[in-house]
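Below is one structure, written out as structure tokens; comments come after it.
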Amino acid sequence: MSILNGIIPPILTPLNPDGSLDLDSLDNLIEHLIAGGVHGLFALGSSGQVAYLTDAERDAVTARVVATAAGRVPVVVGTPDMSAARVIEQAKRAEELGASAVVVTAPVYSLNDAAEIAEHFRMVAAAVSIPVIAYDVPVRVHAKLPVDLLVQLGQEGVIIGVKDSSGDDVAFRRLVAANRAAGSPLTLSTGHEVMVDGMALLGADGCVPGLGNVDPAGYARLWDAAQRGDWDAARAEQDRLARLFEIAFVPQGRSGDAGGIGAFKAAAASLGIIASPAMPAPMQGLDDADTERVNAILTEVGLLT
Amino acid sequence: MSILNGIIPPILTPLNPDGSLDLDSLDNLIEHLIAGGVHGLFALGSSGQVAYLTDAERDAVTARVVATAAGRVPVVVGTPDMSAARVIEQAKRAEELGASAVVVTAPVYSLNDAAEIAEHFRMVAAAVSIPVIAYDVPVRVHAKLPVDLLVQLGQEGVIIGVKDSSGDDVAFRRLVAANRAAGSPLTLSTGHEVMVDGMALLGADGCVPGLGNVDPAGYARLWDAAQRGDWDAARAEQDRLARLFEIAFVPQGRSGDAGGIGAFKAAAASLGIIASPAMPAPMQGLDDADTERVNAILTEVGLLT
Amino acid sequence: MSILNGIIPPILTPLNPDGSLDLDSLDNLIEHLIAGGVHGLFALGSSGQVAYLTDAERDAVTARVVATAAGRVPVVVGTPDMSAARVIEQAKRAEELGASAVVVTAPVYSLNDAAEIAEHFRMVAAAVSIPVIAYDVPVRVHAKLPVDLLVQLGQEGVIIGVKDSSGDDVAFRRLVAANRAAGSPLTLSTGHEVMVDGMALLGADGCVPGLGNVDPAGYARLWDAAQRGDWDAARAEQDRLARLFEIAFVPQGRSGDAGGIGAFKAAAASLGIIASPAMPAPMQGLDDADTERVNAILTEVGLLT
Amino acid sequence: MSILNGIIPPILTPLNPDGSLDLDSLDNLIEHLIAGGVHGLFALGSSGQVAYLTDAERDAVTARVVATAAGRVPVVVGTPDMSAARVIEQAKRAEELGASAVVVTAPVYSLNDAAEIAEHFRMVAAAVSIPVIAYDVPVRVHAKLPVDLLVQLGQEGVIIGVKDSSGDDVAFRRLVAANRAAGSPLTLSTGHEVMVDGMALLGADGCVPGLGNVDPAGYARLWDAAQRGDWDAARAEQDRLARLFEIAFVPQGRSGDAGGIGAFKAAAASLGIIASPAMPAPMQGLDDADTERVNAILTEVGLLT
């Protein structure tokens, strides 16, 4: 079993209403997740609003998650930046602060081809001692990591796994098959939080569900059902979680970063997991009407009473 | 006249073959540009490969350009990063190091809407004392800055001008008209280095030509012709520079960052303006065959003898 | 059960080497599919290269498929064209020729919004007496049909079902849930031929697999396993079919229309289902080396001996 | 001088309020355009809403434009369809009806590569006796015609010119230069109706302005100024026409086909050039408030009194 197996939520970064880090809420959230049965924690992912944090804030989050997790589950840390030279600086700090692994995207702002992106991962892996996990997130970095490139990097020992947020399930199924044919150098986790039943059925090794911040126990049950091959139970739990995921569609006409994560934060605050649904500027949180709609869904699926 | 009027090349960042900064070549390049008659310098733009530099390297470049320019021309400095919080850190350091203005893009990696992007610019402007120039570069940040938003930010005093690298000339003409109707709060510079004649004809206040690293005197002549309304002379000079720009199309099958800037660096090295055409990893420079093709074009337009 | 339930392959349009229709091969293919256990036939889909056929050729294909199927299975017919006015002409002819239903895409070439696209479907449905199936294929028409619009059209009785080739499985799961909540006015079929196990698990009513031309019996077995809830058997069959689907990736550097369908035709010809793998001009068929690679995969999965 | 030189408006297709063709208004429009000084007429272009017309309606329009023009100016006719086989049918009918040339796009719905698209043009050219003009309109066909392909087709005698609606002015300038280097086999016309001054300055041979339906005399004056090298006069006229083009931005939140052409039709109706601003279903015309805004702009630029 690798660091990436099972349910590893990309944890929210709780903020105070003034925009500063709310590390007490972060502790609460971590305890909530571990109590819910998750298998690991992913700090500083997109759900963690990593792009809106300064380096000092990134470090504070990493240090706190590592300290609070206290070895109970692995902590993997996101390091998005514009190029290998800059990602390496992020990754080295994460390593120093106790991360179990770093989660690395293709470059942003830069316009690189596949060979350069492969070399980007090699440069980062060569600079740190902890494992590297590739994060395939074309909606943000505007490049899809090719199946062959990922398997090749796995065989080279550059990466130990992939978090797939590409939404391209044909490519994911091909990746699962190609990885097996290569001796399974990679652990393959899906970011597709409403498709975990089907993804587990076809061979996913885990999931990184943003919605897991709201209902970690649901995802743990879903994963357990899938692991024992009870696909009808897995489907039923996933259907319930898909219904819960409708909170992400409550905010209409909001930006990609403000809507979904805003809804996750609103839900977590309504459930008392974090103190405030505050969003980092320039984003604003959900308005009252949308928060009520979120709460109605929480009630409907049995989380809010 | 504002800081952004006239020809302001986005200066290359010369590297040694080992990838370290070659600040002596940077000095040479700056002297070459000023001698060529440019009206300002834009450090840490896309042509400056800013994404591939660490913060320490960014600072070293800014400091050196400011020192070498020594007040002869303004120095504007690029500050691309993922969000306002991070851009502010870049911008404050640029201000401390003597930048005349900062050049700010929409967020990258983040997924924001127009209102959030407007607020992003307001946050940055509020955090520094030097002027802010908006850099509209959708090919990298994946969002086009709307005409109305830019004029609004100009009227608020948030930005003093725009570097337009959108390639959307209908929008640019509309921006010129809307800016005039609003009392011309903005100075409007095009990044369209092969369309300077047409853009000046319709009212551009300046140009930020990457190709200006290779032939600053050509762009100065082009601008002078346009300023005195000699459009046939402007067109003839632009046609010559468009022929020179074919160096950017010499490298076939290369990434967006490796091809064009690789060709500019190869040309600058062939002309003795910088010591080496070295590219930052993971990119590689042009091969010998492509360098010969670049040199042939340099010869054809009269730059290499 | 509706016309759209179960396995409904989008049938290839066999051609003679001179590009003319090979209707004898079309008969063979139809018998092969019905013998394989498919539940319906979809003529003039993208796999049928409908875009490359004149109206006279479209009519000849429709007439022959209807005649040869002879009521054993339903025949649905694709009617892609640029606007409702033109689609109506296609649909009326299909109805006259005996189609059981028409399969209608959003407009192409036209640039319409969601309300106009909804009205487009209403106009077509009002013009024919046979049912209308919506075909969601953004890769070709460059618009995704929204979940709400589809359920609304189902409730109005405008469409009876959806063939989903969007590749957006989150939207498909949401569509399944929204359709159920609305009383299931729609039959929902996936075009995702390598994800049928997972899609059936979450509630798909059928599949339209291009690969079903090559191995209809495999898809029938897969569907039967899914219907009886034997998800491990479904997964195993889908894995085998996913391995077979690798034929679509054999042709490298080919256009979207030439590669995959070229491979399907090459496989069908190698298996003796159709006489020739000929492609409509300006496309060319697979070269000998690629055909050998396709044959090797056919052998590996047990179809070719 | 070729058929494509000068100002060739893509003529609107006037409709009666019931959606049927209004051929009397078409006559009026043609007289208005010829009286305004245009050099040719382009029937069945995007501004002519060709996608919304049946083949019978296309033929009726072609026949009427040819008859009414009566040899005073050339009539080129658009033939968009899904593939060469279908475009050939459109082109043959246009030829029989007296078209001077056909205007051919890359295939739609089909997914072809550059070599297949080149062959597509060769197939069409081989099937008709009248000249073929390539229409580069990626916003509709989702493929940009490469500079080298166009010049190659020009040298082969397959096409006599290009209508460039790509919005990629760097590519257009490169096309002008490459065409000259090849001995000018092509006549190069821009669809960029607000950039005619700049495009003429760099060497465009003509323009196909949708806005020319509203103010043909303005475009004729602009073109005359450009032809005599009076660039300041050209710029002034283009600035006025760019102000007029703001009518296309009056309708907010409308589809790509409903907004701009809806505004052109509203303006033409307000000016009495056509009887009704009716749009083909499923599109609706401008509402009264937007029509008033259009009229205000018409008044401002001196067209409406």
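Note that the chains take the letters A, B, C and D in the order they are written out, and that residue 1 is the start of every chain.
As a working rule, contacts are C-beta pairs under 8 Å (C-beta built on N, C-alpha and C of every residue); 3 or more make two chains touch, one makes a residue touch a chain.
Computed from a predicted structure; not experimentally measured.
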Those chains which touch chain B and also touch chain A: none
Minimal path length between chain A and chain D through chains that touch? 2
Farthest chain from chain D, going by mean C-alpha coordinates, please. A
Rounded Å distance, chain C centre to chain D centre (Cα mean): 36
Need the CA-centroid distance for the pair chain B / chain C, whole Å please. 49
Mark out which residues of chain D touch at least two other chains, giving numbers and ranges. none
All chain pairs satisfying the touch rule are A-B, A-C, B-D, C-D
In the complex formed with chain A, which residues of chain C make contact? 167-170, 173-174, 177, 192, 194-195, 197-199, 201-202, 229, 231-232, 235, 238-239, 242-243, 246, 249
Which residues of chain C touch chain D in the complex? 50-55, 57, 80-86, 89, 107-113, 115-117, 119-120, 122-123, 139-142, 254-258, 280-283
